[in-house]
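Two complexes follow with subunit A in common, the first pairing it with subunit B and the second with subunit C.
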Partner chain A sequence: MTTEATSANRAAKPPGFRSRIETWVGGQSERLVSAAFIWPAVLLVLSISVFPLFVALYLGFSDVELVRGGFDIHWIGLDNFRALFSGEDKSEFLGVSGSLTPLGWLVIVAGLGLFAWGLVKAARGGVALVGLVFRALAVVFGAMLLWQVVHTLLAHGGRPGTVVTTLVFVCTGVALQFGLGLGLAYLVTLGLPGQRFFRVVFLLPMTITPVGVAYLFSMLMDTDKGPLQPLFRAVGLGNWSWANSAWGARIAVIVGDTWQWTPFMFIVLLAALEGQDPEPIEAAVVDGANRWRVLRDITMPAIFPIALTVILLRLIEAFKVIDLPNVLTSGGPGTATESMTLQAYIQWRSLDIGMSAATANCLMILVTVIAVVYVNLLRRRAVADA
Partner chain B sequence: MTRPLARRSTRDISPRAKLLAYLVLGFWSLVVLFPLYWLVVTSFKVPIQVFDGPKYIPWGDFKPTLDNWRYIFGPLRNDTLRPYENSVIVTAFSSTFALLLGSSAAYGLARFHYQPKLGTIGLVFGCFVLGAGAVLLGVPLPVAVAAAIAAFLLLAKLLIGRFRRTISNRDIAFWIISQRILPPVAVVIPIYVFFQNLHLLDTRTALVITYTAANLPIVVWLMRDYFNTIPLELDQAAAIDGAGRFRVFRTIMLPLSVPGLVAVFLLVFVFAWNEYLLALFLTSANAQTMPITVAAQNATRGPQWWYMSVLIMIMIAPVIALAIALERRISRGLLVGAVKA
Partner chain C sequence: MKRFGLLAFLAVAVLVAAATSTGGNSRSAAKPFAGVTVNVVTFTGPQIAEPLQRRAPAFNKLTGAKVNIITVPFSDLYEKILTDAATGTNSYDAYVFDPQWLGDFVPAGYLEDLTSRVKADKKIQWNDIGPFFRNFSATFQGRTYTVPMDGDFQMVYYRKDILARDHVKPPATWDDYLAIAKRYNGKDLNGDGKGDYGSCIAKKRAAQSYWMIYSIAGAFLQSLGTKQGAFFDVKTMQPLIQNAGFARALDIYNETTKYAPPDERNLDVGATRGLFTSGRCMFSLDWGDIGTLAIDPKTSTVQNKVGSIILPGSRQVVNRKTGKLVACTKVTCPYAINGVNHAPFAAYGGWSGAVNAASDTKTKDAAYAFLSYMSQPAQANVDVTLGKTGFNPYRASQFKNLRLWIKAGMSKAAAEDYLGAIRRSLQSPNMILDLRVPKAAQYEGVVLDTALAQFLAGEISRDHAMKQITDGWNSITDKVGRDKQRAAYAGSLNIQK
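This part shows the complex of A and B:
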């Protein structure tokens, strides 16, 4: 009965009605299905990272007190940031500035010159106004960082704070890891017998807990009881304790970090080297190019975009460093190896929650600005060129 | 593709360069392996053998003993096994969830065209913030959630038609991936408060949820590019045969991308297994994971290298085994993402 009724109904309607309905229903269900694929992930990211981020931004401007059964939050404006940048926490956060050494002057002048040259070049190259404003802002930010780094590191009586310490860890660590990773990856692709062994071995440190790496290195670098004791004695450092020397401790952290993360660079660059097109290389070899020229003029440009990506990835992760300095040196001696994340954690532990959030906000701004500048000025262009 | 290149290279190398290459490779192998060797050796020493200066060779320099292992698995059994169990459960569940949610989002981003209106996004966001603000101000959670949903539905009817600008898949993908830039320390305090309100502090559930969210961006990033390399014709052929989207995803896409999934799983597994900061904030005793337990050793007992070595060894053993077994797949899986994004 009903079928007859509907078919009669259908006959009365203009042709194509049913197919239109079907298309509409199909479209709706397609929308629902496609939404079902992505919504769980989006909701999770919203609730565990985006939303907390906004709360954390708010907490940075607040005084948070622990009370029974929760927190008491007052808005106090910029007080936390004032404490970090000019108040009582300045020496820990920004460091103590000293009078510049000649080398410091040289670095400042060279750095500012480089920035100015980049700006002028961009202006001459016909970059749009928005681009120029963006670059100018980046230059101001970079100049401020440079100023702080030089005044605390290359100055008499200067002492770096957590910002500069973090930057030192990130820059030296990532540079070392990239250089070592690229060199090792190149050597492994030479196709020497036994390369399978090297590939597996070089990967291992990456899998080891940073906490474990920290203990390993404090064992290894014990100048008295550690396995390298004969070596330390031979160079006259038998009774020296790196843990009591600011630079000794920093170097220990950088060495541990490099040991752990070189494999990451190695493995991605290895895959990049192996994945490159062999034809241009063969052509160049036929034309009589030597190994060095092939490396410089063909291989390096071919893996350049991947190299920039992997550097970006490490850069982002390196800014978050806490486990290694916390376990290896507890941020000491003094605050010599205290990273920004570690500072935020120490403030949290002493229930200074608003300050902790403010420090974390500063770290976030620093990482974001550096990542955005890096992506826009370097990587996007390189990827577009490739 | 790599074979001819590799063979040619070996032939071209002069013996001197070869020797040099082996020296460098050998040196770095030593740098990598010696600390691990020292770890193993130390775990079989008694305290006096550690404090008497370096002893390198078991049976030669010192007499190895199983005392430390017996101690860790005997009297300290509960202190060790519980965090270990926590680590295993939290890592396994969070990696699996991250892989499931992440790869389905990645599939969506690779295969559908999303055109969310900017207005809708702003609205969702605004209601979210309002609800959250209400919770912070002391409104009970269910009431706040209900109010936020009601506000959303009401305003959606009124406002959505007015804003027609949309964003693309690229923007969504970039937004998800960019979450990785966020330092965890910047969001951990609100997460702490959040779980405190839900009475989930110091539970495995809290860690599983947080780790899943933290690792999601990596999965989306790498898997989206992996799915993009699989030809669209396969989906279409299956769709013509009458398979729905979920079936296509489950029976065609997932099996085809096993190599990528394995690589990403290993990566996410290692991140979750070794995670320190979030566990430091979110756990105290019950849900403590291995990194926290190991890190706490120094504080509670001073540097007892011999016990610490045992703990570190049992902690890194599973990951090292996984890494050795899956070495080839990792580099390939990582490459797909690194080239494209």
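This part shows the complex of A and C:
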């Protein structure tokens, strides 16, 4: 009885100073403990990924000299970027603009029209002001890229620089890889004979090192001494070299890249195809839908989110293409197959580190903007549709 | 008896101990670097790395030092070594590299001064090494920093059997070269029934191709002797590019492509050497390697069918005030031969070995001993006769002793022809020294190389290429400091030959 009364009295009393301190310390210690567990990981991530990023950004604005014991870094402001965009490296980086062909004008008008339509549609669709501003910025960026692509590729006297060459490799390569990967994955799901064997065979190119693939294609495409020489000779290409033609060399790089990376698309899309719910397909078949209708109206929407994700991953990776053009042609003929990464690498190996960092920074900005726009415009919509 | 036995046992034990001890001393005397490991970096072979790798075990047996040969691609060699030394990583104890880069390495203190070691080393027979290689390739500001292992001059190789059969003289000028290349392009030169090529010159970008243009341009740019220089005006450090001589050289360079394999722009020196030694080319422009590769029965179909000549020249040279071409006279071309100005190009300067100053003393000693061993006549005079080594003659004894070459498979006439062409280049008072200033790799390996590749591919015009090289070189010069570069360039030309 006495004990119960005492307890009730304690409960009725407001919390004292000591208990408040204890509560506060308890809360703080919990925070401290959680911080002690989290911060090392945060600092590790910062030191591994963010710190080098900031250093690379800083180096892009610097002139870096190797001196005894390390580096001598001088801040030179925008000089490196000036050299890339308007100085002695402009023609290599941005290319040379020519006079537009009728096709070039058509593409520009169509592209700008598409951008404007997208922007208007977003404004009418109730997108917030901030969203509209970001979309407008993306449109300006896209228009600048389109302008550069058209003025260097679809113009008389134009020549693409490393930016446009990289975009050509990325867009054509990833599109081909997706198309072939999806096609092969679909074939393997049809239950044709030998599908287990082909599952393994289709994956093999991905297991080879990119430099190995480059040497392989270098030999295969040797029209004079390579194993396909009789074939080349038979079709009248015995005295022709792909390495002499800008587009021949670019196609060689795209073919090699496609051969190596189609398996990546294949394996992910195969998993997506095999993982889809069979019931809608069975229902559609019962209703009389043919294979094409099933693929178009059921399978494609079902794998759309995964397809967009795998394209995004390949896009980001494809922007870093260097092995194939470096080994196949050293970026040639001239600078026809020189990607942005290869340009940065060539600058770096002659120890022009500041310029190399500036080029790499431009690549990072390009990849980031394209990836963000891609994610915002396509992936979210696809997920919402799904 | 027992005492005698004990004494005898002790005596034997002492003798055995003494013998063992003596043996140990003699072993340590004979193997002064037992337990020492030397890491040597050079470029991915097979050339250059091959002799180093082949002779490292023999050196290990002789001295006890374990020598690891680390190889990296040629285009990465400069960056790898300089970064390694500058950051203090010091993965390499010795470098077998381009003496052109001394301007980047010596002032920074990365290389060991080998002057005293060379003076004390009788086995290396320093004075047997050609004066040019001793005084230019190995020396920087009067001190010795490298051990020469290779002699580098570019020459023109031709099919002696075919020109002799057709009573055609080897080319004296670049115009002759073009005319003969044109005549034989598409003709069957190796009897396989297929058309072959008039000219095979390595033109691949980011390989070792950018030296070739100066082998052509040199005759138009430099006529008053070595000290005149062919890269920059010695007083102003302005590039000697935007003039009629370099323009003519670019035209010739481009025209050779017409008489070449279709993929010539993507061929490096390894590929063009293979084409020439398989009998598919009338001409090739190269270092001394083709001479020895052509006698290798395993790979060559042109044994003793190859002639070599000093680089073709020009009957016109650039007037540096006007930038225009003027005819060769006794005043404008004092060293001309039959009215033709020749300017043999000591491209690269020959693979040379240097020691990392940051290595410990014992390792530095072992590294120097290995470089010396490679350069000593007992080894070097064999290696220069083997095509697979990539080493070309650089010692007086290698030029004098024809037996070395005959033993390697050359006929006496071919050996005299081959060595004669190198000797004439080496002794020319109008020899062109390769660029040896800070950032030489950037001037030649990036700016010149890129512009040449773009010009050959038709991306830029000849005049645009000249402007691009001029602007690029001026940009590097201004970044480093014009006065500093001018002093370095003038200093590099002021050599005793």
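We take it that the second predicted complex is superposed on the first by the 341 of 386 C-alpha atoms of A that agree within 3 Å, B and C clash if a C-alpha of one lies under 4 Å from a C-alpha of the other, contacts with A are read in each partner's own complex, and residues count from 1 in each chain.
Simple rule for what comes next: a residue touches a chain if its C-beta (ideal position, glycine included) is under 8 Å from a C-beta of that chain, and two chains touch if they have at least 3 such contacts.
This is a predicted model, so every value here is computed, not measured.
Engineer: Between subunit B (first) and subunit C (second), which, if any, makes contact with A:A136: first, second, both or neither?
Structural biologist: A:A136: touches no partner chain.
Engineer: Touch test for A:I38: subunit B only (first), subunit C only (second), both, or neither?
Structural biologist: Only subunit B; A:I38 stays clear of subunit C.
Engineer: Identify the partner contact of A:V369: answer first if only subunit B is touched, second if only subunit C is, both if each is, neither if none is.
Structural biologist: Touch status of A:V369: no partner.
Engineer: Identify the partner contact of A:W348: answer first if only subunit B is touched, second if only subunit C is, both if each is, neither if none is.
Structural biologist: A:W348 sits against subunit B and subunit C alike.
Engineer: With the two structures laid over each other on chain A, which partner does A:A289 touch: subunit B (first), subunit C (second), both, or neither?
Structural biologist: neither
Engineer: Using the touch definition from the top, say if A:L145 reaches subunit B (first), subunit C (second), both or neither.
Structural biologist: neither
Engineer: Per the contact definition in the header, classify A:V310: touching subunit B only (first), subunit C only (second), both, or neither.
Structural biologist: A:V310 sits against subunit B, while subunit C stays out of touch.
Engineer: Is subunit A touched at more residues by subunit B or by subunit C?
Structural biologist: Counting contacted residues of subunit A, the larger count belongs to B.
Engineer: Would you sort A:G331 into first (subunit B), second (subunit C), both or neither based on which partner it touches?
Structural biologist: In the superposition, A:G331 touches subunit C alone.
Engineer: Quick check on the superposed pair: does A:V55 touch subunit B, subunit C, both, or neither? Answer first, second, both or neither.
Structural biologist: First partner only, subunit B.
Engineer: Both subunit B and subunit C contact which residues of subunit A?
Structural biologist: Looking at subunit A, the two contact sets intersect at 70-71, 224, 326, 348.
Engineer: In the complex, go through subunit A and note every residue touching subunit B.
Structural biologist: 30, 33-34, 37-38, 40-42, 44-56, 59, 70-71, 73, 180, 183-184, 187-192, 197-212, 214-220, 224-230, 259, 267-268, 270-272, 274-275, 277-278, 281-282, 285, 291, 305-306, 309-310, 313, 316, 319-320, 322-323, 326-327, 340-341, 344-345, 348, 353, 356-357, 360-361, 363-364, 367-368, 371
Engineer: Applying the document's contact rule, which stretches of subunit B touch subunit A when the two form their complex?
Structural biologist: Against subunit A, subunit B makes touches at 1-2, 4-10, 12-13, 18, 21-22, 24-25, 28-29, 31-36, 38-39, 42, 50-54, 56, 101-102, 104-105, 107-109, 112, 114, 128-129, 132, 136, 172, 176, 179-191, 193-194, 196-197, 209-210, 212-214, 216-217, 220, 244-246, 249, 270, 273-274, 276-277, 280-281, 290-291, 294-295, 298, 303, 305, 308, 312, 315-316, 319-320, 322-324, 327, 330-332, 334-335, 338-339, 341.
Engineer: In the complex formed with subunit A, which residues of subunit C make contact?
Structural biologist: By the definition above, subunit C touches subunit A via 75-76, 78-79, 82-83, 86-88, 108-110, 204-207, 261-263, 265-266, 441-442, 445-446, 450, 453-460, 468, 471-472, 475, 479.
Engineer: Which stretch or stretches of subunit A touch subunit C in the complex?
Structural biologist: 63, 66-71, 83, 88, 91-92, 159, 222-224, 239-241, 243-244, 246, 326, 329-336, 346-352
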